[in-house]
Every structure is written in structure tokens, then in C-alpha cells.
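Below are structures written as C-alpha cells.
Next, two complexes with subunit A in common: one pairs it with subunit B, the other with subunit C.
Entry: the complex of A and B
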């Protein structure tokens, strides 16, 4: 296996990991399966696209001479996408959580509402912008560079580094900040946290915004390779869900491990001439089915018992 | 002289359930009930009761759902032939989707397996049946058995992991099954030129009737028969042995296992049988459209079906049918709205999920719960008690009139209490007997109507000519003498009357 493949696998793992960790975190803390994660992805993708259109010429005018225009644009687009994702997270919070979180049958009902939100967002984007695919400018660099005699694509490396940094920041924040402590308390035992004075409503909002922001970041990063379109969120959603399952819902290390595994499988399946790109999903699902048959709670799944 | 005009007699219907369908059979007749052939079941759930007030025999319909089913489906059957071609097609599609959803309800509701592989099973058996017809020359009447067989086999495969996996894990996993099936079918070389679809399938609709009115009508009637068959399957599985075993397991898994119910096996049976039924529906689907394409496996199609059963309410056949009717009407009936249709569907979905705990069919139970909760809240919020009968006490009282009488009595006492003033007492003191003011009359009438244990007696003490009077209280129990209230002696009868009045007023105010 050459290094390009490994980097490609890590690149896929980074993006899927962003989606899967969002889904996993939300499930373990709030107790809802967020089917609108794909809609967040598409929404943030469009926000990034329009931000790029608006800010692209400006950046060229102001910073064109210094050579910093592309990185500045990249950071700006990323921030816009993160904000858009967080904003969509607030919408999901308002519609699917705040209204029914203390009512009967919450898991199923929130799943239905987020599913409906997903469908509605896709249709609205389709209505507003049409089915054409939009390409983001390649702000994370183009071309390849040689490292240890292997040629590696620049944007993939940037993606891996950016994701690792941001995810690391999030995990450190979860571990060391006051808010992170509250979130972890709710994840362990929502009732106990409530008894200690941690409002589940006030904790759910940052979690939703955080997971939305992660999806927004994933949208910008993946859109370097895939076009922005109304239905762009479906595949990342399904991948994210299945990886979250593979890792065991609620387990962040499990989600990371699952993302790396699935990234490698996808890269390998695409590279093997006998199988090819068309069989990627097929191989992935078969793999996940096999793993789940052996470990029904996923790779790192342990939280389900405590949740019951 | 002309006979005097009799005033028209009017009877008012009273009671809380006066609209209930109640038959008044002749008490001397033998009750003959029709039974469904080959079973012990009755057609309708009539219950014989005796009315304690009229002392007559009555028959009440316990479960009115069969009537609603008959009205709804009968109306569809009668009305459809008079509709436009497009509407007939919509009605037929409604019937097919309803049939799929009813069987799916069996899997989710009865078996409790949250499977999303429905369309995968339908599509795969549809493909198998179509391939059998086109490539192997199997005649169309045999397509449905072929589809059912393929469905059974697929169901057997899909059922294997369901015992090991948790509900949510299984649901998300089965989401992928459709994708696997799509890739599998699209890789079959023979189908490649037609873009993965099989066309020119034989059908129960003759080829020269295709897209003609007779053909559409035939398609609708066949789809209607399919829906009836699906409902029959639902009824046979859900309300007979398998369904009852699983109902016991839903109540308490450990207990049902202890009584020897193997609910896991029952679940698998339901799953496999339903998959077989879905396979037969898949074959019908192919015959209805005369072709099948990869669009069967698309996620959008699955989500639309899911929206249907979710709007109606998970786990009930009527929910599946009502939800299908709503979504099909919006999706297929308003074609000129474009993408707005799906947005309307999602708006309905969100609205139902936000307000109803369990879909539209659960609204009735939810409203009753809400009303009962409000009732008990109001009861708890009242500081002043008395009169009302607690539900647990009400079951002990045979004559329900008593329940209401206590409430009525409480209301009267409350009104009389407000009328007792120093002037009223002074009036009674001045003249215990004779004509009184309206308020005093009402109070005295209430006292007269009271029960024996609440009443007092006056006892004469000493000689008749120079006697004094004492007040006694009745014990209320036969054979037990009255007891003396206090040692006071009253010089005249009127004073004693007034003393009794004061005691009764005291009792009234203390109650």
C-alpha cells in the first residue's frame, strides 16, 4: 500500500470521524439520533459556497499581493461553515429537543422530527438553488508534494491536520472546561446531573451547536473533493451513522477507531481493481454487519447498559 | 267541545353516553350471534348488559372499529369507479402502499423489530418475480408465490441478527440493506443495458388494456384485494396465537418467559411470515407497474413510507392506512406543487410528532389521559372536600345514582350555608312553626329531607301540665335508643324546636 492511499484513508477517516463523533456525542448526552446531521452538512456546504463567492474577490483585492489570500479565505470559509453548522444545531435544538425533551416517547419522536427536518432542508435547498452541483474554490491548496519519495496531495494533508487539531481542541475542552464537565456529567447520567443542578436544557444547546459545527467543518473539508449539492448530506449522514454504530453509540474513542477503520476500508476497496468504487458501501456494510454480529454494542459500546 | 290539545311529549336523552349504539332485544328471545366461518370469533363485539335503571336487557357494541373500517374501505371501493383516471391510479397506489405499511406495522409493532429493510425485501422479491417471468417464462399467476418464497428466504437471513442486536442498532443496520441490494442488482450483467430495470413483465392486466380505463379499474380492484389480504394477514398474526404470545412478552418479558412463552421464536416467526407477505406484495408491485427499476431501493422512497406509518402511529393497522392516505394524497394528489409536496409532508410529520405521543391513532387515548390528568389536578387543587366520590370508592357503589346524589347534596349544602344569617335564626326563634320566608323555608325543607341518623328528637320530661323538654339525638341504628345531647331543659315546645334548629344549623355549617 503506498503512502498516498494511507493519506487518503486518513483523510476519509478525518471527515467521517467528524460526522460520527457528532452523532455519537448527541446520542450519549441528549439521547436522540440526529438524522438531520446530513441536512446540517448540506446547509453548511451552501453557506461556505456563498461565503467563498462573496469573499473570494475581496480576499484577492486586499491580500492578493501578500500571498496570504488563499489561507485567509480558507479560514474564513471554514469559520462561516462552522457558524452555519452551529446555527443549524440551534434550529434542531429548538424544534426537535426543546419542545418534547421531557415528553413521552422522546427518542422515537425526536428521530422522526430530525428525519423530517432532513427531508425538508434537502427539498428547500433543491427548491432554492436547483439540483446543480456547486464547486467550492480549492482553498486548501492544490497539487502534490513529495515526502520520503512519495507524492502526497496537499489538501488531504491540510484536512487531516485541521481535523486533528480541532477535534483535539474539542476533546481537551470537554475534559478541562466547566461546560465540558457538565456535558460529561449529562452523558454519564442525565438524572444524576439534574439532581446536581446541571440543567439538561442548558447543556443540550452547546452540544447541539458543537455537533453542528463539526458537521459544518466536515462539509467544507469534504467539499474540496465532492461538490456541494442539496443531497450531498445523505452519504456522510449514512457513513457517520454507521461509523457511530460500529464504534458503539456514545463512545468517542470507538467512533475515532471506527472512522479510521472505515476510511482504510474505503480507500482499499476503491484501490483494489477487482472491487472498485462501486462496491465501497457494499463492503463497508458487510464489514459493519460482521463486527456487530460479534460485538453487538460496537467496538467501544458500553454506555447502553447505563442508559437503560 | 273539541278535545283538548295534549301538550307534545318530549323525552330528553340523559347520561354521559347517550349516543352509544344500544339495542333493546326482547328478553325472552334466545340470542343468536353470527360467527366468522371456521372460527369461534363473532363478527362484531356485541356485549349483553342489564340496565339497572330500566331493568331491561341491552346490547352494546364494544368495539366500533370494524364499522369504521367498513365505512372507510367500502366508501373507497364504491367511490373510486366514478373518479377520474388519475384519481383511480392514486387510489390503487394508496392500496399498494397501505398493504406494505400494514405488513411493516406487523414487523415493527407486533414483533417489535425495528426493521427498515422493508423496501429491500419488496424490491428484491419484485426483481426475482420479474426475472422469473421474463427470463424463465414463469406465467404471471405464479409470480406472487415466487415473490413470497424469495421474501421468506430474505426474511430468514434478515432475522438472524435481529436477536443479537439492540433495536436502534438493528434499525440503522437495515438502512444499509437497501443499499447492498441496490449494488447487488445493479451489478447483474443481464440488466446492464436496461439501466438495472426489468421491463415488459406480464401482468394480470391484459396488455391491450394498459393505461385504458378498464385496465386502471382492474388494477385498482386488484390492489384493493391486496390491501384486504394484507389486513387479513395482519389480523391473523396480530390477534391470534402469535400476536397474543408477543403481547404477553411486551407486558413483561421475564414473566412471559417464566410461563413458557418463547417470545424470541415468536418474533422471528412474525418477521419471517411478514417478509413472505412483503415478497408477495413486491411481486404484485411488479405486475402492477409491469416493470421494476432501482428506484425501489432509494432512501427517499423508504423515508416516505416511514413518514406514512409515523404520521398514522406506529404499531396499529389503522394508523398505517390513515398515514398512507394522508401522505399519498399530498404526494401524488398535488403533483403541480412540485418540491413543496415533500415539505408539506415533512411539516405534517413534524406537527404530528410534536403534538401526538404516538401518531394520529394515539390522539384519542392521549386526549383521555390529558382529560383525566386535568380532572385529578383540579380535584387535588380544591381545598374544600366533600361530596365527590373517589374513583376507587365509586366501584364499590352499585347504584351510580348515589355517586351523583352526593355531589348534588354538597352543592345544596353550600348554597344553604350562604343563606344562614342572624336574621334567619332570629326569624326562626320568633316563630318556629308557621309561614316562613323563602330562605328559611328552604333550609327547613332540607332539614326535613335529611336522613334519620342526622335528626334529633324532643323528649318531654315530667308531668304533662308542667313539663319541660330535652333534646335527643337518634342513633340511626335499629334497636339502639337515642342518646341525650346535653342537660339543658327547655321550658316550652317552641324553645325546644329552636334548639333542634340551632343544632341542625350547627351540623350543617360543620359539614
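Entry: the complex of A and C
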């Protein structure tokens, strides 16, 4: 395995990790499996695409001479996608959480509603923009650079660094802020939190916006390789869900470990000559099924135990 | 009605088809420390949970500090609970609704929900540590790893973190060794009330005998008389 492959694996891990951590966090704090995560992904992808069309020429006009137009555009597109994702999180909150959160069978009901929301959004995007794939401008850098004699793609490194920074910030925020404390209190014991004056409705909104924002970031990062299309969210959703399961639903360290594992498996499977890209999903799912057969709690359970 | 901190009239409550409380009338004056005693399964906990809107359904009037917090409801369990807590009712639930993965310190911080309480939470934590000194040593320990008595202390301490006007303490002795439950109860009795009120639900009458202002018996979902000071010994 050469360095390029390792960077590719980490790049995949970063994007899957963004999706899986969002799904995992939402499950453990709010108690819903968010099937509309894929729709968030596609929605944010389109937002980023239109932001790029609108801001691309502007950036060239204003900053073209200084050479800062590409990075500025990248930051702008990223912010737009993050905001769009957070906005979609608010929509999910209003439709699939607020209406039913204190009724019976909330997990199943919210699963169905978010699935419906996912399908409806995909159809709406199809209706509005057609099935053509759109390409985002490659604002995260093109080409390769040499490092220790191996050539590494710039955009992949940018993705890994950006994701690590952002996820790190989010996890530190969850650990040390007052809002994070409230979120963890609701996670562990909703009734106890209510008796502490913490409203689960008020904590659900920021967590939904946060997970939506993570999906938005994943969308713009993955769109450097994959085109933006109405159904673009399906594969990330499935992979995010299965990685969240692999990590043990609700465990953030487990989701990170799962994402790294799956990223490496995908990169390695693609590089093995007799398997190739076609067998990536097959190998991944076989691996996940095997892990869950041996350890139904997922990897997160393992980490929790060793921590004790 | 006037001068009463909490005034309950015709309160019925239950879970699904089960009616636990049968039209209870009950009031608490400011500065009072009273006990509701009765056997398990006769509605002491349900009474507290109905005040906090945590039962399945309820009807009847509950006036707390001039605000009506009762009403008829069959859905939305727990929806109004944070609002009621913010009005100034602090409840420590039976068997400790506790966050196993938070440290003692974080747990106490969760209780400081008002802006003012959050700002000087360190001061308030120290105040709780004065009452329960052994929590100070275990400040950074996860609550899930504490003993039953320590957990009860955390639970009571959490209720003391904000300026509540009414404390509802549910079964302080549940599951504790006699010596430890005596310590917890003594700490509860020592807490100065000045204008606030405390209601303790307890099945072990001997623990509270002679220590509270009033004792009310509860039987089969009805409140049975004001026992006043009883001296069993």
C-alpha cells in the first residue's frame, strides 16, 4: 500500500465519518434514525453548485489578480453548503421531530417520515433541476505534490485537514460547552434532563442543525470527485448508516473508527487487481455483517469497555 | 388559597386505563417541611410526577406560586416539565434519574439551569459540597460509578443548585442502608428553608418522625388525614 492509497483511504474515511457521526449523534441524542440525511447531502450539493456558479466569476473579478480567488471561493462554497445543510436540518426538525416527538413509537414514526422526506426531496430536486449531473468547480486544488517521493493529490489532503479540524471543533464543543452538557444530559436520561429544566425540544434543534451542517460539508467535499445529482445522497446515506451501525449506534469514537476501517477497506479493495471498484460495496457489507455477527454492539461497545 | 405555595384541587392522574390518584386536595405553605408517608404503590410518586407533568394523564388544578400548572392532559408527557422546573419546582426522582456518563461536577452543573445560577455555579457547587462533603472528593468521578448513597446525594445536590421554591424529594431512603439513609434524611432536614418548602415522600415513617412540620398519610390514591407530629418511639 503506497502513500497515495493511504491518503485516499483517509479521504474516504473523512467523508464517511462526517455522515456517520451525524447519524450516530442524532440517534443517541434525539433517538431518531435520520433517513433524510441523504436528502440533506443532495440539497447542500445543489446549494454549493449554485453558489459556485454565482460566486465564481465574482471571485475571479475581485481577487483574480491576487491569486486568492480559489481559496476564497472554496471557503464560500463550503460555508454555503454548511448553511444549506443546517437549514435542511431545521426542516427535518420541524417536520419529523416537533410533530411527533412525544407520541408513541417515535423512532419508527420518525424513520418513516424522514424516509418520505428523503424521497420527496429527491423527486423535488429531479423536478426542479432535471437528472443531469452537475460538476462543482475544483476549488480545493488540483494536481499533485510530491511528499517523500510519493505523489499525493492536493484536494484529498485539503479534505482530510478540513474535516479533522471541523470535527475536532465540534467534539470539543460538545465536550466543554453548556449546550454540549445539555445535549449529553438528554442523551443519557431524557427524563432526568427534563427535571433539570433542560427541554429536549430546545436541545434537538441545534443537534439537528449540526448534523445537517456536517452532511453539507461532506457533500461539498465529496463533490470534488463525484457529480452533484438528485440521487447523489443515496450512497453516502447508506454508507453513513452502515458505518454508524458498525461503530455501535450512538458512539462517536466508534463511528470514527468505523469510518477509518471502511475507508481503508474501500481503498484497498479498489487497488486489489482481481477485485477492483466493482466489489467495494460487497466487501464492505460482508465485513460489516461479520463484525456485527461477532459483536452485535458494534465497535463502540468495544471502546467503551476498554475505557473502563 | 392565599399564602399557599402549592395548592392542588381535585387532582386525578394515572397511566393509560389505570387511575392512581383519586381527586386529591393538597396544599403546601411557604416555609413548610412536610412528609407524605404511605406504602409502596399507593401514589406518592405519582403525585410528584403529576405535579411535574410526567404521568400518562392527569386532570385537576395545580396552582404553584400563583400560576396554574395543572389542567387536563392525556398526551405530551414531560412536555411542560422544563417550564415547571423553571418556575421553581425541584424534584429528585425516585431511584435517581441520573446521568451515568457525567461526572459529579457536570451533574451538579446540569441543575443550575437559570442564568444566574449558571453564572455562579462554582459557588453553588461549594455550597452542595458543604452539605455532602464526600462529594467533593469524588468531584471528577462518573456518577454511574458511585455508590447508592453518593448517588442519592448527587441527586439531592442537583436539586439544590438553582433557586427552587419547592423541593419534592421522592423516597430519599430507597435502596440505601439504614445508616446512610439516616444521613441523607438528616441532611435534608438541615437544609434551611426560609420561605421555601419541602415535601418528602417516604415509606419509612420512623426516619422522619418528629423531624417534619406535618405528616400526611397516603393510601390507595387518597390522602388520609393530617397526622401532624407523630412520635412512634
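Just so it is clear, the second predicted complex is superposed on the first by the 300 of 308 C-alpha atoms of A that agree within 3 Å, B and C clash if a C-alpha of one lies under 4 Å from a C-alpha of the other, contacts with A are read in each partner's own complex, and residues count from 1 in each chain.
Keep in mind that, in the parts below, a contact is a pair of C-beta atoms (placed from the backbone, for glycine too) under 8 Å apart; a residue touches a chain by one contact, two chains touch by 3 or more.
Predicted, not measured: the structure shown is a model, and the values here were computed from it.
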item	value
Subunit A as common anchor, with subunit B and subunit C clashing or fitting	fit
Partner chain(s) touched by A:189 [first = subunit B, second = subunit C, both, neither]	second
Which superposed partner A:278 touches (first subunit B, second subunit C, both, neither)	first
Greater residue coverage of subunit A in the superposed arrangement, subunit B or subunit C	B
Contacts of A:33 with subunit B and subunit C, given as first, second, both or neither	first
First (subunit B), second (subunit C), both or neither touched by A:103	both
Spatial angle subunit C-subunit A-subunit B, Cα centroids [nearest 10 degrees]	60
Three-chain overlay, closest Cα atoms of subunit B and subunit C, distance in Å	6
On subunit A, the residue positions that both subunit B and subunit C contact, one per complex	103
Subunit B partner contacts - residues on subunit A that touch it in the complex	33, 95, 99-100, 103-105, 108-109, 112-113, 115-117, 119-120, 123-124, 126-127, 234, 238, 241-242, 245, 249, 278-279, 281-282, 284-286, 288-289, 292-293, 296-298, 304
Touching residues (chain side subunit C, partner subunit A) in the complex	52, 54, 75-79, 81-83, 85-86, 90-93, 97-102, 106, 109-111, 113-114, 118, 158, 162
Touching residues on subunit B, where the partner in the complex is subunit A	161, 164-166, 168-169, 172-173, 175-177, 179-180, 183-184, 186-187, 299, 303, 306-307, 310, 314, 338-340, 342-343, 345-347, 349-350, 353-354, 357-358
Complex contact set, residues of subunit A against subunit C	102-103, 178, 181-182, 184-185, 188-202
